[in-house]
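A short worksheet on the structure shown next.
Note that the chains are named A, B, C and D in the order they appear, and that numbering of residues resets to 1 at the start of each chain.
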Amino acid sequence: VSDFIEKLVEEFARFPGVGPRQAKRFAYYLLTRNEEKLKSFTESLLKARKSVAHCGSCGRLSVKSGKTSLCAICADASRDKTLFMVVAHDVDVESVEKSGSYKGYYFVLGGMVPILDEKPEERVRVSELKKQTASRTRDGLTEIILALDLNPEGEHTGEYLKTLLSPTVAGKNIKITLLGRGLSTGTELQYSDPETIKNALKNRASV
Amino acid sequence: VSDFIEKLVEEFARFPGVGPRQAKRFAYYLLTRNEEKLKSFTESLLKARKSVAHCGSCGRLSVKSGKTSLCAICADASRDKTLFMVVAHDVDVESVEKSGSYKGYYFVLGGMVPILDEKPEERVRVSELKKQTASRTRDGLTEIILALDLNPEGEHTGEYLKTLLSPTVAGKNIKITLLGRGLSTGTELQYSDPETIKNALKNRASV
Amino acid sequence: VSDFIEKLVEEFARFPGVGPRQAKRFAYYLLTRNEEKLKSFTESLLKARKSVAHCGSCGRLSVKSGKTSLCAICADASRDKTLFMVVAHDVDVESVEKSGSYKGYYFVLGGMVPILDEKPEERVRVSELKKQTASRTRDGLTEIILALDLNPEGEHTGEYLKTLLSPTVAGKNIKITLLGRGLSTGTELQYSDPETIKNALKNRASV
Amino acid sequence: VSDFIEKLVEEFARFPGVGPRQAKRFAYYLLTRNEEKLKSFTESLLKARKSVAHCGSCGRLSVKSGKTSLCAICADASRDKTLFMVVAHDVDVESVEKSGSYKGYYFVLGGMVPILDEKPEERVRVSELKKQTASRTRDGLTEIILALDLNPEGEHTGEYLKTLLSPTVAGKNIKITLLGRGLSTGTELQYSDPETIKNALKNRASV
C-alpha cells in the first residue's frame, strides 16, 4: 500500500473508539467511493468545521450565529441567572437540557480533573471558570451546581472545584451543590452499593 | 444415558440462570465425584434445608433459632417501630442492611406484581402485608417505605401497594414513601435518562 | 447464615463455571424448595451416581449395564478394530459420534497434557493408553488418530502422545494421524490465520 | 446543530460498522480539531483516493503504478499460471497471501451472491470472471479454486460459480476446487459441528 493510504489509516485509528482493523475498513470504504462523492464529503467536513466555534461563555462547541460568539443557551437572557452549572463535557449539557428541569446557565470544563494530575489548570478551563464565577457573583448568582459523573474521577473533580470556588463565593450567600444521589432508572436494589441505598433512603419522598 | 441422569440434568436446568449445556456439565461434574463425597454433599444440603425457615413476620428465609419463628431482625426489639419497609426479595433486605442507614423493620413480598397480572394476591404476600400494616399502625408506625427496583415492574408494584395500603393508613398520620431517585454510583451524566437527571437536580444538596 | 448454608454455598462455588454470587442463588433456590422435593432431588442424584461407572476400556463415564464394565461403544464388537481414536474428554466422543463418520474405538485421556507439566502421567491416563495400544497392535490396529483441540494445549498433548506411542507402534505398519485442518463451519477467510488457510489449500478438493 | 453537521453525522453513520452514536462522536472529534489539521486530513484523503485504482485484471483496489493498470500480483509474470483463485473480497487476497502457500493468480468478485438474488450478474463481476477464465483456459490453466467463506452465502456463491464456470472449462482437463474443510485454529472438538468433524476425519494426516 502507498504511504498515502498508511497515513490515512493512521488518521482513522485516532478517531474515538476505533482500532487498527476498523481504521483499515474506513480507509478502504472511502477509497472505493466515487471521487466526486469523496470530494463532496471532504467539502462538507470543512464547511461544518467552519460553521462551528466554542461558545465565548460556556465553552461548548456550537454553531456560529454571526453576530455573537455565544451559543444559543448563553445568549438567552431569559434563563435563570441565579443558577450556574459546571459540567465536564459538551454532551453533559445536552443530557441536562433533555431533562427539561434546568433553566440556568452552564460552564463546560472540557474534561475531568484526573486524580493524580498535579497541574489540572493546564488541562481544564479552571481560570476561565474562576473569572466567570466571580463575574456572576456580582450578577445575582445564588447557587453553583457541580454536575459530575458519579465515579472516582467525577468525585475528585468535584472536590477540586469546591476548593477552587469556595474563596470566590465565601461570605456571599452562594451555595455550592452536587447532584442528588439515589436509584437511577433501571437500578435493582439487590445490585445497589451501600452508598447508593443510603442516599436513596435519605432522599426518599412521599407518594 | 440412563433415565436417572436425564432426570438429574432436568433438575439442574431448573436452577436459576442455568441452561441445558451447563445443566449437563453440572450432572457430569457430580457423577464423576467420589460416591462418599457426593453423599456428604446431599447430606449437607438436607441439613441446611432443615436449619432454615421463613420468618414468621417479614417472611424472609432465615436460620431457625429454636425458640422463635422470627428472624434476627424481626426479633430485635430495639429497632425503630415507626418505620416499615416493603421489599420484593430476601436479597433486598441484605442490600439495605449493608447500607447501615436503616433501623426499622422489613416485609418481604416474595416477588414483584407483574404488570398484567390479574390476581397478584395469589403471587405475593399481600393479605399478610395488609394484616401486619394494620397491626403496626396501632404500634407507633409513621412511615411505610416501598423499596422497589426502579424498573417498570417495580414501579407497577409500587403503584399497586400504594393503592392497597392507602385505606389502612388513611387518617392516621402515616406516610407512604418511595426511595429517592438520582445518580447512582457509576452513573455518567451523558448516558443518564431525563427522569434520572430531573430527580438528581431535585435532590441536589450543598457540599 | 448458618454454617450449613455457608458450606453449601462453598460446594456450589466448586461447580464448573459457577461464581460466588451464582452459588448463593443456587443455595437459596434449593433452600426455599419443599423439603420433600429436595429429598427426592438428593435421592435421584445418588441413584444416578450409582447407575454410572467409568468404562473399563475407553474410560468414559457411562451407564453400567450390569454384565460388563464396558460402555456401549467398547462392548460393540462390530466396530472397526483397525482404528483407535484418542480424545481428551468424554464430550469429545459424543461430538465425533454425532458426525457419523467414525466407526472405530476410542480412548479418553481424561484431560490435556498441560504445557509445563512435568508429570503428565499423574494427570492423564497414559500408562493405560500405552497398555491398550500394545494390546490393539496385536489385534489388527492400523491407525491411531489423535483427535485433539486445535489450540496450544491440544498441540502439546498431540506431541506428547506421538512421542509416547511411537515406540509401541514402531515397525508395525501402524500410522499415527491428526485430524485434518482447514476451514471449519462459519469460518470467514478474511479472519483466518495463515496456518488454517495453508491447510485449507493443502486439503482442497474438486467439486 | 447546523445542517452541515447533521449531514456530516449522516455520512459517518454510513461508514462500515458505525452507529448513530459513534457517528456523532466522530463528527464532534473532527469539529473540535484545529482547522489546519482538518484541512490536511481531507487533503491526504483525496491524495490517497487518487493514488489507487481497481486492478485491470483481478479487480482489487491497489496502488497505481503509472505504467500499468495491473496490481503487483497480476503484473508478476513469475506467478503460477495454472492456478486461478476466485475470492469474494479484496481482504481475502491479503489473507491468502499471508499464508505464503499460494502462488497463482486471483480474481476478486466484489461480493457474495446473496441466496435469493435473482440477478447476481448485476452485483458481482461475473461476466468479467467468465471472460478471464476463458482466456486463461488458453494459457495453461489447470485449476480454479473457489475460496469462499464457509457460511450459507459462501456455499451458495460456490454453487453459483461452479454452474457458471463449468461450461467454460468442460472437456479441458481443468478442475474446479473448494478449500479444504477441517479444524481451524482454535477449534475445540466438543463445540465442533458434525460436518466439520466429518471433514477433519476425511482430511486427517500422518504426523
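What we mean here is this: a residue touches a chain if its C-beta (ideal position, glycine included) is under 8 Å from a C-beta of that chain, and two chains touch if they have at least 3 such contacts.
A quick note: this is a predicted structure, and the numbers were derived from the prediction, not measured.
Common neighbours of chain C and chain D, by the contact definition above: there are none.
Centroid to centroid, with C-alpha atoms defining each point, chain A and chain D lie 42 Å apart.
Chain A and chain C have centres, each the mean of its CA atoms, that are 55 Å apart.
Remark: chain A and chain B have CA centroids separated by 38 Å (rounded to whole angstrom). Among all residues of chain C, none touch two or more other chains. Annotation, chain-chain contacts: A-B, A-D, B-C, C-D (touch as defined at the top). Chain D makes touch with chain C in their complex at residues 87-89, 91-92, 94-96, 98-102, 145-151, 158, 162, 175-207. On the side of chain B, the complex with chain C involves touching residues 1-2, 4-5, 7-8, 11, 15-17, 22, 25-33, 35, 38-39, 41-42, 44-52, 61, 63, 90-91.
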